[in-house]
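Structures given as structure tokens follow.
Same chain, two partners: chain A is paired with chain B first, then with chain C.
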Partner chain A sequence: MLALIYFVVLAAIAVVAALGVLFSKHPLYGGLSLVLTMLSLAGIYGLIGSPFIGVVQIMVYAGAIMMLLVFVISVLNAAKDSKTPMFDGVSIFVVIAALALAGLVGFALVLSPMGFDVTTLRGSVEMTSKNLFDTSKTGPGYFVLFEVLGLLLLSSMGAAVLMAKKRLSSEVSEEDHKEDK
Partner chain B sequence: MDIIESKTWVEWLITIAKFGFCFVPVLYILLLIPMERRGAGFMQDRQGPNRSYIKVPFFGKVRLFGYVQNMCDGTKLFFKEMFAPTGSKKFLYYVAPAIPFAIVFLSPCVIPWFGPLVFEWGGKVVRIAGPIVDSEVGILLLFGFSSLSAYGAVLAGLSSRSKYSYLGSLRTTAMTISYEVCQGLSMMGLLVLAGSFSLTDIVSWQENHVWGIVAQPVAFFCFLIATIAETGRAPFDVAEGEPELVAGYHTEYGAMQFGLFYMGEYSHICISSLLVATLFLGGYSVPFVTTETIQAHMGGSLAILCWVLAFLALAFLHMIYRYSRKLAASKQSNKMEILREYTLYKTIGWVAAAAFIAAGVCSWMFYNPQITMIDGVAVNTLGAALGTALIHLLVLLVKSVFFCWVWIWVRWTLPRFRYDHIMHLGWKIILNIAILNLVVTAVVAKLMGGN
Partner chain C sequence: MELQPIYIQILALVIFTIGLIVALSRRNIFFVLMGIELALNAVNLSFVGFAKTLPADMSVAGQIFPLFLIAVAAAEACVGLALVILIFRNRESVDSDNYSNMKG
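Our next item is the complex of A and B:
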């Protein structure tokens, strides 16, 4: 009963904040509403028995990624972004895709049995680690995917660094050229 | 509502009373501000602020070693006008100082203040965990909160429409993110050894094996540096560097809004020092003595605690008497006034010393609670359990106050680092050492047959 009340409150905050992401004029407010959505989602994760996932959501998404996003929003020209129209030609496709996704998720939710059971643990530290790193033959075999994902992220980070370095060095070389001239 | 009925009223009382620990960081502010100001004075061979006083009928002008100065400053901040610069984003501007201060109340929830209380009440064995929320992901929660508290600085910089604030907040963002990585990775070695994210488990591992500082000396220094950087104080205070950015992200703030940032910073120091003490200095555990020994000799342990406090009171008295002898021999014009003030401290010191010695003797002679064994677990009486909790709490507080002093010490010893030096230190030195430490720890732990 108590858990249900918490759930309703958190879900209401999450939905309102998500709407805030859609309808806020300034991208900074949109980013902050996204942080609020993520925090309340983390609360819901904790509520349904996955404290580990919830805490990782707070640490990684709300704490690090959204911080970077706010950083980017503030460094880029935010004043210009606030004048862009909310809907344009492209948003037709986006709206259709969003509606289709919502329909799919709703369909899946209606089909699945709705039980709000807070006593079972679904994503504790131990369960997550067992699921991810079970190297036995009978295990789910997620560890290969996990390692591949790690490699993918590492390579993308390396590529980003390389690209940034290239630009920096080219600027330097251009300046060198100017100095030479 | 069978959850409520399944617990006795004592259990409920202790569980609710534990929420009082949320206010510990706020109380630390009262301790830290005079400590910082007089400590800075001590470092720079000067007095520090000690002139404000309260007039007390018999003892004259009582200054409480400069403590009254902080009351004056607090009162001033409270009664100043709150304002926002034109063109600022009003909502964010007013919300920003509240964020770090609100998180201060959340963070102490996962720190284990004492070992688990096990006692018998009403024919049942009651077990109460040390932290307010005994979560299995305690330390991750703490890191999550600490990363959220940086939003206060970021929003303050973005909303106040000032170039200095803006630059300060950009620097804060970059520094927080980079040092969070170092902080997280440097303590991972200890987590590998303890095999748990729960702070209670980490402390009990240290109690049973060795302290974290012995097992992971490299990680300790990496963690300490990263944590000092995370609190954004000198030598890492580029976010509010006075010569460059006026005051950084809180340039445009005044009155209690500025006060909230200030208090948020000091509470962050408190939480960080509690965290360092918990992770690397054995948390609440008493050095060289196990909890079982303390509980077996409860009266003696309480007596030793009382006598340590009495010794401190006597040391304080010695200090006061030396000062007054020096003062009486000097030719200061206001020496009678100060001597009259010192009589107050002498009275308090003597009363406290006598009371502590008496309490120690009493508990030594008359307090010997019995321990019963139920299902192989030692079960105490309520009094013995609370006594253990008190000793544990005081030990933890002493350790954390020492680390608070380290914060002040570092701040007034080292000059400010340049911004690119800080980034270099974070990403190229500390991060690599932390990763190396983690790998070595994992390999050694595996070879030694750990988890």
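Our next item is the complex of A and C:
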């Protein structure tokens, strides 16, 4: 019962903050609402028994990714077209299509029987590390994915630096580099 | 009344739908990126919620996979924001309708 109350409060905060992303005018307010959504989702992870994912969600999502997004929004804030309308005429069809999709998936979800399993593992640090770094031959092999993920992050970092830096042979005008540090 | 797994899935579905609507209907390019992040969050929540309905040896994968998804989302945000900075230098605009080169 207490878990349900916590869940309802956190879910209400998450949904209201997600609606705040949808209806906020300035991207900075949208980013802050998104941080609130992620924090309440981290609380839900802790509630249903995966505290490690909740902590990683706070550290990586709300801490790193959203900090990067808010930083770039602040850097590019001089955009002159922040007064353009939020939605256009196509948006109503998008909303109808997305709601129809949600209705279909929700219908299928409600019909399917589900229940919590009592023997399910708690997503603690021990369980995560034991399975993630299990390098035995019969293990699940998540460590290969982990290495691949390191390569992915390294290559995306290189791609981002290459794309966002000043051009090396740049005689182009100076005013389009004013957002560089 | 106890907490049921279907509530978690319904919450994930609601957040995914809002993220999809944000990503597809907003014109500001930052909101498109934020909608994608919101949808990825909902998928993470759905993974963890389904993992809790499985017995012990099967519930591991659903709790490991969100960690990989979070890292992939970090890479996606990194490259996506670099692309936004690059486009902003050329077009001086964050409105995604101004990015089209072709007519129609």
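The rule we apply is simple: the second predicted complex is superposed on the first by the 123 of 181 C-alpha atoms of A that agree within 3 Å, B and C clash if a C-alpha of one lies under 4 Å from a C-alpha of the other, contacts with A are read in each partner's own complex, and residues count from 1 in each chain.
The rule is short, and it goes like this: contacts are C-beta pairs under 8 Å (C-beta built on N, C-alpha and C of every residue); 3 or more make two chains touch, one makes a residue touch a chain.
These numbers were taken from a predicted model, which means no experiment stands behind them.
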Contacts of A:Val56 with chain B and chain C, given as first, second, both or neither: both
Which of chain B and chain C A:Ala64 touches, first, second, both or neither: both
Which superposed partner A:Phe87 touches (first chain B, second chain C, both, neither): second
First (chain B), second (chain C), both or neither touched by A:Leu76: second
Superposition-derived comparison: chain B or chain C, residues of chain A touched: C
Which of chain B and chain C A:Ser136 touches, first, second, both or neither: neither
Chain B and chain C contact sites that coincide on chain A, given as residue numbers: 52, 56, 64, 68, 75
Chain A partner contacts - residues on chain B that touch it in the complex: 89, 92, 135-137, 140-141, 143-145, 147-148, 150-151, 154-155, 158, 166, 169-170, 173-174, 176-177, 180, 196-197
Chain C partner contacts - residues on chain A that touch it in the complex: 1, 3-4, 7, 11, 14-15, 18-19, 21-22, 27, 30-31, 34, 37-38, 41, 44-45, 47-50, 52-53, 56-57, 60-61, 64-66, 68-69, 72-73, 75-76, 79-82, 84-88, 90-91, 94-95, 98-99, 101-102, 105-106, 109-110, 114-117, 119-121, 123, 127-128, 131-132, 140, 142, 145, 149, 152-153, 156-157, 159-161, 163-164, 176-177, 179
Chain A residues touching chain B - in the complex, by the definition given at the top: 28, 32, 35, 51-52, 55-56, 58-59, 62-64, 67-68, 70-71, 74-75, 124-125
Residue ranges of chain C in contact with chain A within the complex: 1-11, 13-22, 24-28, 30-31, 33-35, 37-38, 41, 44-45, 48-49, 51-56, 59-61, 63-64, 66-68, 70-79, 81-86, 88-90, 92-95, 97-98
